[in-house]
Amino acid sequence: MPEHLRLLRDRVREFVRREVIPAEPVLLAGGDTGRLALGRLRERARSEGLWGLAHPAEIGGRGLPLTDYVPLGEAEGESEFGPAVLGSEHLLDALMLHRHARPAVRDRYLPGLLEGRVTPCYGMSEPGRAGSDPSLMTTRARPACDGWTIRGSKWFMRAARADFITVMCRTEPLGVPNSQAFTMFVVPVGTPGYRQVRELPVLGVEDGHREVRFEDVRVPEDHMIGGRGAGFAVAGERLDLGRTLRAVQWLGQARRAFGLMCRRLHGRTAFQEPLAAKQLLQQHVFDAYTDIQAARCQVLRAAAAVRAGRGAYVEAATAKVLASRALCRVLDRAVQIHGAEGLTDDTPLSRMYLRARATRIYDGPDELHVHTVAKRLLKRYAGDPEAEADVF
Amino acid sequence: MPEHLRLLRDRVREFVRREVIPAEPVLLAGGDTGRLALGRLRERARSEGLWGLAHPAEIGGRGLPLTDYVPLGEAEGESEFGPAVLGSEHLLDALMLHRHARPAVRDRYLPGLLEGRVTPCYGMSEPGRAGSDPSLMTTRARPACDGWTIRGSKWFMRAARADFITVMCRTEPLGVPNSQAFTMFVVPVGTPGYRQVRELPVLGVEDGHREVRFEDVRVPEDHMIGGRGAGFAVAGERLDLGRTLRAVQWLGQARRAFGLMCRRLHGRTAFQEPLAAKQLLQQHVFDAYTDIQAARCQVLRAAAAVRAGRGAYVEAATAKVLASRALCRVLDRAVQIHGAEGLTDDTPLSRMYLRARATRIYDGPDELHVHTVAKRLLKRYAGDPEAEADVF
Amino acid sequence: MPEHLRLLRDRVREFVRREVIPAEPVLLAGGDTGRLALGRLRERARSEGLWGLAHPAEIGGRGLPLTDYVPLGEAEGESEFGPAVLGSEHLLDALMLHRHARPAVRDRYLPGLLEGRVTPCYGMSEPGRAGSDPSLMTTRARPACDGWTIRGSKWFMRAARADFITVMCRTEPLGVPNSQAFTMFVVPVGTPGYRQVRELPVLGVEDGHREVRFEDVRVPEDHMIGGRGAGFAVAGERLDLGRTLRAVQWLGQARRAFGLMCRRLHGRTAFQEPLAAKQLLQQHVFDAYTDIQAARCQVLRAAAAVRAGRGAYVEAATAKVLASRALCRVLDRAVQIHGAEGLTDDTPLSRMYLRARATRIYDGPDELHVHTVAKRLLKRYAGDPEAEADVF
Amino acid sequence: MPEHLRLLRDRVREFVRREVIPAEPVLLAGGDTGRLALGRLRERARSEGLWGLAHPAEIGGRGLPLTDYVPLGEAEGESEFGPAVLGSEHLLDALMLHRHARPAVRDRYLPGLLEGRVTPCYGMSEPGRAGSDPSLMTTRARPACDGWTIRGSKWFMRAARADFITVMCRTEPLGVPNSQAFTMFVVPVGTPGYRQVRELPVLGVEDGHREVRFEDVRVPEDHMIGGRGAGFAVAGERLDLGRTLRAVQWLGQARRAFGLMCRRLHGRTAFQEPLAAKQLLQQHVFDAYTDIQAARCQVLRAAAAVRAGRGAYVEAATAKVLASRALCRVLDRAVQIHGAEGLTDDTPLSRMYLRARATRIYDGPDELHVHTVAKRLLKRYAGDPEAEADVF
């Protein structure tokens, strides 16, 4: 790692540990106090030059290459609030608006989004259908005199405090290939017909997820994102970068858990020796270490592939699977080492553990990626039997 | 399985599915409504002859051998409320009072306990110390003019609605061997100096666990359980049976999850075929099936060993580890197969999943049992090198 | 286990340890000395009443139910030569001849087979095709004036010392359902056109496996086994019993390795303590113990299902997979605990290890059984959603 | 990877595939033909500028940094004979002679070693003792009038064709710390009293390993390597580099197996579809891919740490464990995918599989490294609880 990057990484790390982690209880409590605290932290991040580190120069960010961002994002990710405080939380939506929104929508939302004043939300999954197969979505948008009328349900949208919603709708009849059958629209919160149906706590954690209804919601033509039928293409663009960014942040969570685990092993004694002296617990340390290293290496490969601008599905999906597994396993071991206390709210581990489980499902369950990555890898060996596939 | 047992098993299963599972939301909501519903269900169980199936004849139960109880307990365990409704929840405390309490205490609590009117609670673990090594407990009881004075803290006691508490205290000075240094006392709720300090939700699930304080709590001499210094001996008696009973109930939870998983695989489609046709999901079915079968077999071995009255640590601890692992793994797969919905409260899986995690910690973490069981097994091979150890 | 069975088990175990295991080097060396030694051991087994314990009464055996045979077969299996010495090695062929051979063939081979004088061999797999899908077999038998003419190749037949070969041939045209397209024939060794092409050492172990050719081999009509087109039906009959019997013997191998592992842990010291004191090695003991117990339980279930005469595929295939995995894992741990010495011929482990690997492939690779067992289990949940599938 | 390195990597890869792999049968057969073939291949490698790529400039090599060598070494490692043909096989011995031998010994052996004419051999392990704890070695060297007299046994030395042996001996009395109690000596083959006791095939593979005896073998003073009592220090120097180099070559083996596996999946059909279409086999591909990537990443970290000249135990031992596991797992899957054929000599997999198993034992068994690496990692968390350990 070059020196300037290491310094920046240290500053992010120090900021997260000094400012964000101590504020976690307030941020978690939410409400007005929580929102004010979040605002103040963002202000401070901005004044220290740490806001929007992952943002490309094209939208006013620092223009750091994605590979350089990896260590910074890990440091951000040590707190679940790091990305919100430092601005990387909504980078995907910002890029999407920047690239694919019509001027009216872009000008209305992008500046606020980039400053942290506007909250976006993005919806694909629908109740009652396997989210792994997006072609099953039934939310439809039909042309109306002055735009489109949307009808359907979505869930697992972080809609609780959103200002606008980007929603994927079928606009073309069955029979049209999936890649041309869906279109994205922006729905401003407050538009008649849109409502939150219910909260969706995830393993008991209220994290802003909602089930929402669109009951003949009307949006003007210029609220379309990308072209008609280009929904999957626009979504696909989000995915490789999105998977990589989230994997980066999970590494931060895993490292925090690793530190907690190691310190605990020194701090507790059983049967006349510190826990740190017991081989079965040392094994947890070794396994956690190698899980994190392996995931980290793959995340760096994904960042390089995304940065190179070529199709990065294999790298990004593999990184997602490995980082997600590493996170879940490391947290499981950290909880185990903390014993019953690890299950309570006395340490940050219980909440981290609960949030981690969902990562193996969001953005495609592990099983889907195992299947699809392997198919892609195998394809490289399908041709001339003598040709060497350049897989590694 | 003999016919009469199969019939009894079917009746328990049918009762749990007809009466208990549909009442789970009410029972979970708790409060007066929940308590009333629980009382009514117990009444119904009693009137159908299904109350107290695991209770030995010596305390007025059916006297079924423990091995016969295994399939019944599995059926009970399909609902987390099964043991409470059918009376097996507090069997350990009933046996302890029956065998080791002085008459005054026994007569005050045992009848109500056996009828489900009295709620006990049992405390070993203390905040800030490794629960796996009970010799680290610092709660002390000192002789006082008319009995004993107790001072210290306990946690992970299900004290929320308890009528009395059994608490393990050091009564002898350091240096006395652990097996003679601790004594158990019954503390009636309401005794001055006893108080609940705080709730201890476990992975966010409020399950009645509390941290409690004993601030110079005075109990009369006849509130001692067993003899002075016999605390570990009495506790040890609970453990083999306790581990076996809980493992039985976990099997019930695992089977319920297995059924949910299989039905879901038939009920969802992705990429033009039912999920049931996908090999990576079939693998979850196979693995869940073999995990449950292996655990079940070991639970039966533990029940036989406990029933035989010989030291059953190896069998019961192994059963506990295998059943706990099976439960956690099966639930993990069931959640995965349900996708994001499996993380919500829309299915019973999320709550089952959260409660399952603690089983790998309670009653000794896996790592402790792996170590201790292996040591015991190895001892059988330590003598005459030609002698065949009868391990299997 | 009832007393008479335990006594018999002890006698088998004692015989194998006293007579067979010490003779292993001679038996392994083979040649005339090996064959003579084998004959003498068989004689002794017969004189001690331990020959043919698994043989049903219908072919002159003891008629022990299969479930009773399990502990005896484990004891046999401790030596790879146990089944050959005690007569259970060729039980499947004996049953097949008994039930499906024409009198001429039966009378020629069955008596010698039952006495251990005649060596059979059975061939399905063919070079160059996935053995998991038997419909791919291309060896054909065509009607000839006085019987059938067979042409094709087989491999992984233990043909080295066989007196006759049972060979599966396509007799019906493509398009006929698999279940009616294949027929089995007995080919006496020495029939013109039959020859061994080459040895097939398995991981370097010369175990009698051969690739063989049938070049217009002519057999009379009465050398057909079962009916024309009934090849798969007859083969299927062998499979459940065959998988169960082999799994029983693998358990014996695994137990022997377990004993070697435990004794070694007491016998070696590193860093001032016996290996037995190290938690990471204790973990190997625990895992080996639970692997064996789980497999054993499933083998007993398979034996019960086969004995009950109903379709036992699920039970027998699961038993095969679990016993095979247990065997491989236990041997892997035993080798690891023996260090480099475990890789040499100084202990029986290296040979056991090498032979174990093939068990995950023979009789259907694990992946096939995982897929097929899960499909069968899932089918039980496919109907009335309220009906409880009786899977466990 | 910079362009010049990629080109060099491609040349090595191409050479190994064009020259070495086709010669494997001849090289394996050994004897004079094998030795001649090996000599010719070395000549060709030298003439193509591919000899001694890993050799530092100080001993006349190309001076490539170790990190640059990693991809080249992988390409070498695709054939087990690659390192012998390309000169990296005996790099450790060359460095040891260069740095620690007296001039007489160095001048006698080093030039031939660097040219591939002289074969060294190195011995630590002794029969009957845990090799993981070198302090248990009992081979002793005692001062004699004109040098030293060595007595003891060693095994797992590749002594079959060695010209000289480097042997670790206790020279100081018990009680002296291990780090000062052992000394290394060079013993020329042919010295009276030295003899090979027996071959030690490893899982049946004759790989040149021998048990040897030193019966009062006399060596002059200048045959000492390093200083008196410095045996462990000199050995330690070999270890980090040695583990890294071998791990690099294992990656090459794993990649070759991966390619074989993928091609086979395209080349076989079962149940009307190519094996490549089956999810359970795709999973093998995914798992093999991620195992190799994770190991490779760690090997690069180890190479960087060794190159940096600081203590690289954690990185090199972790790399050794991960590369060894990856190799074993990938080969296990490749064999499984090849079915019974994978167990025969028809593919290179069976021999690769057999050789792979030993890697989990040589140079310290996995269990030892898990324990020691974790202890080292934990130490970094032992101090100031607020200090951030820089582990990742």
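The letters A, B, C and D name the chains in turn, as written, and every chain counts its residues from 1.
The working rule: a contact is a pair of C-beta atoms (placed from the backbone, for glycine too) under 8 Å apart; a residue touches a chain by one contact, two chains touch by 3 or more.
All values derive from a computational prediction rather than experimental measurement.
Looking at the partners of chain C and chain D together, the chains they share are A, B. Taking the CA centroid of chain C as reference, the farthest chain centroid is that of A.
Inter-chain spacing, taken between the CA centroids of chain A and chain C, is 52 Å. With centres defined as mean CA coordinates, chain C is found 42 Å away from chain B.
Within chain C, the positions touching two or more other chains are listed as 278-280, 283, 370-371. Residue ranges on chain D touching chain A, taken from their complex, read 13, 255, 258-259, 262-263, 265-266, 276, 279, 282-283, 285-286, 289-290, 292-294, 296-298, 301, 318, 321-322, 370-371, 373-375, 377-378, 380-382, 385, 388-389, 391-392. Contact residues on chain B toward chain A in their complex (touch as defined above): 125, 127, 129-133, 136, 155-156, 200-205, 268-271, 275, 278, 280-281, 335-336, 339-345, 350, 353-354, 357-358, 360-362, 365-367, 370-371. Residues 278-280, 283 of chain D are the ones that touch chain B when the two sit in their complex.
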